[in-house]
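Given below, in the form of structure tokens, are the structures.
Next come two complexes built around subunit A: one with subunit B, the other with subunit C.
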Partner chain A sequence: MSDLAELWPPVALTLGLAAVTTLVLLVLGTPLAWWLARSRTRGKEIVAAIVALPLVLPPTVLGFYLLIALGPSGPGGLVAGLYGARSLAFSFEGLVIGSVIYSLPFVVQPIRNAFESFGERPLEAAATLRAGPVDRFFSVALPLARPGLMTGAVLGFAHTVGEFGVVLMIGGNIPGRTRVLSIAIYDYVEQLEWGKAHMLSAGLLVFAFLVILATMLLERRMRLRVH
Partner chain B sequence: MTQDGPTLRAHFETQRGDFLLDASFEAPMLGVTALFGPSGSGKTTVLRAIAGLERLAGDLFVGPETWQDPDTFRPPHRRPVGYVFQEPSLFRHLDVRQNLLFGLRRTLRSPAHRPISADEVIELMGLSHLLSRRPHSLSGGERQRVAIGRALLSQPRLMLMDEPLTGLDLEAKDQIMLHLEMLHDALSIPVLLVSHDMAEVERLADRLVVMSAGTVAASGPLNEVLTGDILPLRSRRDAAAVLRARMEVYEEEDGLSRLDISGQSVWVAGRAARPGEWLRVRIAARDISLAVERPSKTTILNTLFASISAIEPHGEAEATILLALGADGDGPHFVARVTGRSVRALGLRPGIGVYAQLKSVSLVAGPATL
Partner chain C sequence: MNRRLATLFAAVLALLPAAAFGTEVHVAVAANFSAAATEIAAAFEKQTGDRAILSFGSTGQLFTQIVQGAPFEVFLAADLARPQKAIDTGLAVKGSLITYAVGRLVLFSADPGRVTGPQSLADPLPDRIAIANPLTAPYGAAAIQTLDALGLKAKLQDRLVVGQSIAQAFQFTVTGNAEMGFVAGSELLEAQGGSHWVVPEDLHAPIAQGAVLLEAGKDNAASTAFLNFLDSDGARTIIARYGYGTGVR
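For the complex of A and B:
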């Protein structure tokens, strides 16, 4: 039974990583999505394409470049130097950075769609009711985009839980620090500990199903309420 | 145009593809001014520019304030206007009460200078039973009433309404018009109303700014523009005049109200208003027949003495006769549509006096400030 206790750290680490990543994604992704939805700059589609890159890029490619960027001779190393570490690679912080970049399109796209869906009119109405630009964003745009924010958060969280390639490249396999669920499963399979691999895999399977189901139900309910 | 009191002076220019807009007009900050014209004539663009929702080249002076000139552009949220869009545009994430309070919370005026209270607006627009409802559960007419109430509560100094009645059924239209009339009397906020519907204009507007293909074709007091010669309005098939009448007395035995129009009496059925109140009366050109002698035996109740100002041919067989109330030709104008044959038979010509028999007189609205 004590054997099973070792299953918990990767689960806790994964949930923690996904939670922090989702939070960072919402804070960074929402203004980015707003800009992509509203800006009339021609260059914005270039930015949108960069944001969407992780959708098509093999995670190992992304992980490779991240490894260099986060390593001792990259910008990540410089930042790490500020608090006495050598590198951001193989650390929880590094995982968060990697996960944020990797899951960015899954968060930005639904939020951008939500911002675009209600058009100019509610914002114009708010402007004629004396709401300034910042006020309009918080009191009209954000509440109206709530279904998109929910979808983005759920997808960002779930996608982070499920990532493997990027983590493998930049995180390694340090128990309690970078050994997340997918890595743990890979390990157990390698060591022929099929029972443990089964338990974690089945858990993820159920989790994934529940997430998708919940998202669909949530979207349906919000659509019904809005129309 | 000479005006006492504050005015709104607007001039806007823009080019969008083939469409060229170059519109200037002036309106008093008083009563209802209708921006009237066919769709595509630039009315909505001008209204949006006044609200600051569009940034066109031009100038805009509202009373003593400059809202736009070559060096100034006051952003929309700093302009004390109440804007009513063609579609109600309520915030769907808020209930009716929260929608109403959205602008009130953000009003630029200090609490001591808020002439319009939430209770008053809720009462005026008939919203008390809707307060906790969500916008999607309201009918089109109810939504538009909430939108009007919401705009009013932002304590505007100028109401801008973009065809607020379009898309509503007749009953809802009528109800909102009634509310707008009450508003007109209860609150002295000037209104700029975009409309392409003459009946709406005749009922609500005090002044008319007629737009056509991006320019202002005419502007002035309603009846002057309706019967004036700058525009083809008086040669429309359904040409009409809208005159100001004062309620004199209700004659109980006949069930008629006697109204006074520039010193002449006109009777309408029912109790029209309280004595001394002003009403607005519509006289359609086709409902008038002319006689050169006072008609004696006739069932027609209302006869006005007027002098002919001008006669214009209308199509092959008809003529439009411009009349001025009274013998000396300086009363308010109205028009009659008669056949060319009658014009010749009676020897009608400018300068002579005629008796205009009105087959029908309709009250288009309660107390009017034409």
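For the complex of A and C:
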């Protein structure tokens, strides 16, 4: 039974990584989505395309660039040097950076869609009531975009839980720090420890199903409430 | 209709590269041996006209794939245990096991002057040490044995970063993300600069690397030819140049 105790740390680490990543993504992604939805700048679709890149790029490309960027000859090495390390790779922080980039489109796109869906009118109405731009954003736009924010958060969280390739390349497989669920499963399969691989995989399967089901139900309920 | 089909068939045949008509042999190669194997495959093709198609991974990864029915015909492992296990479980041909190379473990750092000997592991303690996964890669197991023999295992345990194969451990080290790493001697040929210490062979069990003919390749003459070539003087010269011992014939 003590053998099974080793299954828990990767689960806890993965949930922690997904939670932190989702939080960072909501904080960074919401203003970005707002700008993409409202700005009339011509170049904004270029930014939107950059945000969407992780949808298309293989994780190996991201992992490769990240490994260089996080290392001693990249910006990551400078940051790591501040606290005496030489690289941000192989650390929880490094995984958060990788996951934020990798899951960015999954959070930004639904929020952008939500901001675009209610159009100008609620904001114009608020403006006539003398609400300033900041006030309009927080008390009109954000509440109206709640379904998009929920969907973005759920997708960002789930996508981070399911991340594999990037972590494989920059993680270093350190128990409790970078050995996430997908890596643990990969290891168990490689070592022919299929009992443990089965347990973790079945857990992820159920999790993925519940997440997708929840998003669908959530979306339906929100839509019903709007009409 | 039939004639049209025949024309189409002929056209497709004409498009196939000539090489496809030589015999192919699919070889699973332990990551530490990838550079040497690529050179040996080229020499093999030159001599026999047969093509060796190489797949790389850690010995444990490749073994798992073979258990799962991967279509490999020859298996070049980084230990003798897994080829022997393949024979015992009926996945490989009895009597085909040869020791084609004896690997050397090396402590390597991309920083010139950082590694001078075993003391470099302790004073100062390295930030991170890359090793290959000891459970699937024999070089990783040898690295752990070495740390154990030096009495440094407990001290360095939480500074280890683990690559999926020795190739990834090398890549972690050569990019400088890990301050130093236990890599295969054969990989040093690809490194420019840096510093290294060749781990004495009495600090770990010998890394005798076994090759075996798999059941899937039993009836393919090119598979046997490749194994024979691996055991030839020509191949042994290449193997020695990559820093391997070549075992007893």
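Rule of thumb we're sticking to: the second predicted complex is superposed on the first by the 227 of 227 C-alpha atoms of A that agree within 3 Å, B and C clash if a C-alpha of one lies under 4 Å from a C-alpha of the other, contacts with A are read in each partner's own complex, and residues count from 1 in each chain.
Rule of thumb we're sticking to: contacts are C-beta pairs under 8 Å (C-beta built on N, C-alpha and C of every residue); 3 or more make two chains touch, one makes a residue touch a chain.
Given the structure is predicted, the values throughout are model-derived calculations rather than measurements.
Asks: Quick check on the superposition: with subunit A as the shared anchor, is it clash or fit for subunit B versus subunit C?
Replies: fit
Asks: First (subunit B), second (subunit C), both or neither: which does A:Ser201 touch?
Replies: Neither: A:Ser201 stays clear of subunit B and subunit C.
Asks: Taking the superposition as given, does A:Ile68 touch the first partner, subunit B, the second, subunit C, both, or neither?
Replies: A:Ile68 contacts subunit C only, not subunit B.
Asks: Looking at the overlay, does A:Val189 come into contact with subunit B only (first), subunit C only (second), both, or neither?
Replies: second
Asks: If we overlay the two complexes on their shared chain A, which of subunit B and subunit C does A:Thr215 touch? Say first, second, both or neither.
Replies: Once the two structures are laid over each other on A, A:Thr215 reaches no partner at all.
Asks: Scan A:Ala131 for contacts with subunit B and subunit C and give back first, second, both or neither.
Replies: In the superposed model, A:Ala131 contacts subunit B only, not subunit C.
Asks: Which of the two partners, first being subunit B and second being subunit C, lies in contact with A:Val140: first, second, both, or neither?
Replies: first
Asks: Which partner does A:Leu168 contact after superposing on A: first (subunit B), second (subunit C), both, neither?
Replies: In the superposed model, A:Leu168 contacts subunit C only, not subunit B.
Asks: Tell me the contact category for A:Arg121 with respect to subunit B and subunit C: first, second, both or neither.
Replies: A:Arg121 contacts subunit B only, not subunit C.
Asks: Compute the least Cα distance separating subunit B from subunit C in the superposition and give it as a whole number of Å.
Replies: Minimum over all C-alpha pairs: 50 Å.
Asks: Going by the contact rule at the top, pick out the subunit A residues touching subunit B in the complex.
Replies: 121-122, 124-133, 135, 139-140, 143-144, 146, 226-227
Asks: Inside the complex, what are the residues of subunit B that reach subunit A?
Replies: Subunit B residues touching subunit A: 51-53, 75-83, 85, 87, 89-93, 102-103, 106-108, 136, 150-151, 154, 160.
Asks: Which subunit C residues qualify as touching subunit A in the complex?
Replies: It is residues 58, 60-61, 64, 67, 127-128, 130, 133, 135-136, 158, 160-164, 171-172, 175-179 of subunit C that touch subunit A.
Asks: For a test of understanding, state which residues of subunit A touch subunit C in their complex under the given definition.
Replies: Contacts found on subunit A: 67-68, 70-73, 77, 85-87, 89-90, 168, 172-174, 187, 189-192.
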